[in-house]
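Which chain is which? They are A, B and C, in the order written, and residues in each are numbered from 1.
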Amino acid sequence: MDFSYSKQEALFLQMIREFAEKEVKPLAAEIDEEERFPVETVKKMAKLGLMGIPIPTQYGGAGGTNIMYGMAVEELSRVCATTGVVLSAHTSLCCAPILENGTEEQKQKYLPKLASGEWIGAFGLTEPNAGTDAAGQQTQAVLDGEEWVLNGSKIFITNGGYAHVYVIFAMTDKSLGTKGISAFIVEEGDPGFSIGKKEKKLGIRGSATTELIFEECRIPKDRQLGQLGKGFSIAMKTLDGGRIGIASQALGIAQGAMDETIKYTKERKQFGRSLSQFQNTQFQMADLETKVQAARLLVRSAHYKKDMGIPYSADAAMAKLFAAETAMEVTTKAVQFHGGYGYTREYPVERMMRDAKITEIYEGTSEVQRMVIAGKLFK
Amino acid sequence: MNLSDYKDVYVFAEQREGKLQNVALELLGKARELADANQEKVVAMLLGKDIKPLAQTLIAHGADRVMVVDHDLLKDYMTEPYTQAITQIIEENKPSIMLIGATTIGRDLGPRVSARNRTGLTADATKLEISDDEAHEFRMTRPAFGGNLMATILCKNNRPQMSTVRPGVMQKMAADASRTGEVVEVKINFNEQKINRVKLVKTVKEEKTVTDISEAKILVSGGRGVGSKEGFEKLGALAKQLGGEVSSSRAMVDAGVMEQSRQVGQTGKTVRPALYMACGISGAIQHLAGMEESELIIAINKDKYAPIFSVADLGIVGDLHKIVPMLTERLATMQR
Amino acid sequence: MNIVVCIKQVPDTTEVKINPVTGTLIREGVPSIMNPDDKGGLEYALQLKDKYGAHVTVITMGLPQAEAILREALAMGVDRAILLTDRKLGGADTLATSSAIAGALRTMDVDLIITGRQAIDGDTAQVGPQIAEHLDLPQVSYMENLEYDEATKTFTIRKQLEDGYQVLQMQAPCVVTALASSVQPRYMTVNGIVTAYDKEVEVWGADRINVPDDHIGKAGSPTSVFKSFPKQLKPAGQTFEVSPEEAVELIVNKLKEKHII
């Protein structure tokens, strides 16, 4: 693979950096403080085609690559992890499974509006009793004539309440275990579908994380996504893609904390010298920079394989595992370098440290990533 | 082109609504110096409508001759008629050096005149000198690359050697009412068809209220030492006297005394004014990060160990509540 | 309506550093960008394209790597991009630069020429008005607003002054120079970026412009740089513990010395 950016990617990087710096960064502290979903930012992203980067132009997308999409999540997360995850959940967890599993009618119906950002997408797999063990789905879907009837609930759903389209997983035949899970497309406003409580979180506080409730929720039969009983495999495959998105987010958070720390340690003087002149600072920062670069290569390689159609499941797991743990380490040390100021909300590293934690948890905890990687090793 | 045919230092005496601009007098001061170095004359070009009475002021500030072009077409500045007038003066008089203030008018007029006469134009010079060697070269020095670099420019084989000059840099001479000079009225053969291609609809004067502190040339900034809204009123009076704006440290914003849009520093704005007057600001690192590139920093603080003094060009250890009103009063008296 | 926007690739001067020993610019690692005022001018052109279907061309004169800003312009939505590049054009001052660009413009059918007010590497604000002069076109500089009336084919321009503004009118063909601060340039779109390299950038040499050799490049430049040197560093400041009266004197003297008052 080529490690340098293509000309298009370089141009894309210029655009997304400027966008992140001018449009996203100024709001980061505010949406965190107010726990407010950045509706205005999503509208601006939509105008530029950022909500449909890897979607083909025939479905109204920008026709870009997954590498570009990853760069977008990284650069947005570098200044605001909330904005990064809004894009990641929308693209990886909703657009991608519809693009990869939808019928032509479904693609025509959903993708242009999702890619243009008119609609926001979400994904509902996790349940109170089915987290890492996603096979323990309790939400049920029963076919009643021309309609599916869904009953149950989902939790921790990113973009919940702001999304218009949800890819939802439910048991269609409990006796078949994971082979009895199917995927569905649920729209905002479908009868019997409602948004439950909104979580109050440690980090990514501007991102809406809610419960989804299905009470005799009736949707047309043609909302089934992919084949009957293939839901679990769709979910797993979707999460493989999602993981590179989260890996990009983690990478962005880590980079953002590096940026802030480099700036601060150059400015801050103690004992008559800049912090950056102390060898302790230099060595620790050198180690962190090395890890961030290593994470970037893992993330890029996983995106590249996805673009090329090469299996990337373990690559995605490694990218996410390493990037998330790097983000946690870098942000923790960034706060330490900032000392007392770092613990306050005057400097963004405090927020970055809170934001980093989730990357070790959602779309598969670090433990799940290790299971996936080990699974490939010992198969 | 026979270079020896060209002589004397010409100054565009910019006036607006019959009022001479300060830069015109500053340029005369510099032109006097340049002309004396070459034993030449200083000629002011005064263009406008009913502006002849200003000629005497120009003479008092150093002009040997004032060329007055009084015409309806020159009432408000417009690119084309002004270019035609200056061009005819160049053609008829062959100036060696021509200086124009680097105002929005001068920076519009200069390039148009230089291109019409196929000569060089240096932009926004901050230093002008005649070399003291035999060559007597006219050297024009100007900032480039965002002020990171200075470049000295020559215009060897074309005349006039033109330069626009940054306002506020050159020193005007003290007015000498006893100086005498010649006032010449010049008739210009205007090409009205060309002039009529641009129509002036209106000129609007407005008091610019710069609320974006990062655009302000002068900032009077207050910190914890200012204490209250009343304290900031003292700073406001000084800012008004200096033609600047009031800004604030974070402490006073958090205390609700000042609005966030005026905050300087890490979580506020980065500013780079010509003058940053830090009053009662201790200078925490996050504040310094937002202002240390100001061109001139004057700090007033009670605490002589305040870190703000490490970046200040002039530090005053003292009580701002006494010094600021006294300074405001002093400046007001000077203006009167 | 045919609009040509003249743009320039410049080093991002906020990132420029000077080698204090040699006084030369350290260009390494300094990003090259589209000059901000030019980008503002481009936005005005694209707004006329949005509203009236204008055809927008960008032209730049520079080294081959200036192609980057033309690709950026394509990704922002322009229709045509021209790179004027030739060794003969090198070493040009503003007059020679404007002669060359005017030469290129003379070969085109243009209603409106837009340049930036000034480039951040030179800050001269000369090339726009000089292009207008070479082409014998009317021009308004310091544009902070642009309106177009289709019925009368009239451009109404708001021109910034230090103490207010003027409203001026011109008809095509004409030249304006735009202020970056007056407009928010659009971002490149993702699809614009994806397709920017599929489009053609026309490369023109000096032979395309029919301007005499002694009007372009170094030969056509009346001015030359005698020397360049870094701005002198600020000497360390002094702090005084004095009476308020003396303090006022010190401050007033300092303000006078620096021409603030």
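The definition used in the following text is that a contact is a pair of C-beta atoms (placed from the backbone, for glycine too) under 8 Å apart; a residue touches a chain by one contact, two chains touch by 3 or more.
The model shown is predicted, which means the values in this text are computed figures rather than measured ones.
Visitor: Need the most distant chain from subunit C, centre defined as the mean of C-alpha atoms.
Guide: Here the answer is chain A, farthest from subunit C.
Visitor: Quick one: which pair of chains has the most contacts?
Guide: Looking across every pairing, the one with the most contacts is B-C.
Visitor: Measuring from the mean of all protein Cα atoms shown, which chain centre lies nearest?
Guide: Nearest to the common C-alpha centre lies chain C.
Visitor: Can you compute the centre-to-centre distance for subunit A and subunit B, using the mean CA position of each chain? Integer Å is fine.
Guide: 53
Visitor: How far is the middle of subunit B from the middle of subunit C, if each middle is the mean of its Cα atoms, in Å?
Guide: That pair's centroid distance is 22 Å.
Visitor: Cα centroid separation between subunit A and subunit C, in whole Å?
Guide: 40
Visitor: Please list all residues of subunit A that touch 2 or more other chains.
Guide: Residues of subunit A never touch two or more of the other chains.
Visitor: Which residues does subunit B have that touch at least 2 chains other than itself?
Guide: Answer for subunit B, listing residues that touch two or more other chains: there are none.
Visitor: Which residues, counting only subunit B, touch subunit C once they are in their complex?
Guide: Listed in rising order, the residues are 16, 76, 79-80, 83, 103-105, 107-108, 110-112, 114-116, 118-124, 137, 139, 143-158, 168-169, 194, 197-206, 208, 218, 242, 274-275, 295-300, 304, 309, 311-319, 322-323, 326-327, 330-331, 334.
Visitor: Would you tell me which residues of subunit C are touching subunit A in their complex?
Guide: Interface residues on the subunit C side: 68, 71-72, 75, 187-191, 193-197.
Visitor: Which residues of subunit A touch subunit C in their complex?
Guide: 7-8, 11-12, 14-15, 18-19, 47-50, 52-53, 57, 62-64, 68
Visitor: Looking at the complex, which residues from subunit B come into contact with subunit A?
Guide: 250, 266-267, 285-286, 288-289
Visitor: Which of the residues in subunit A come into contact with subunit B in the complex?
Guide: 267-269, 341, 346-347
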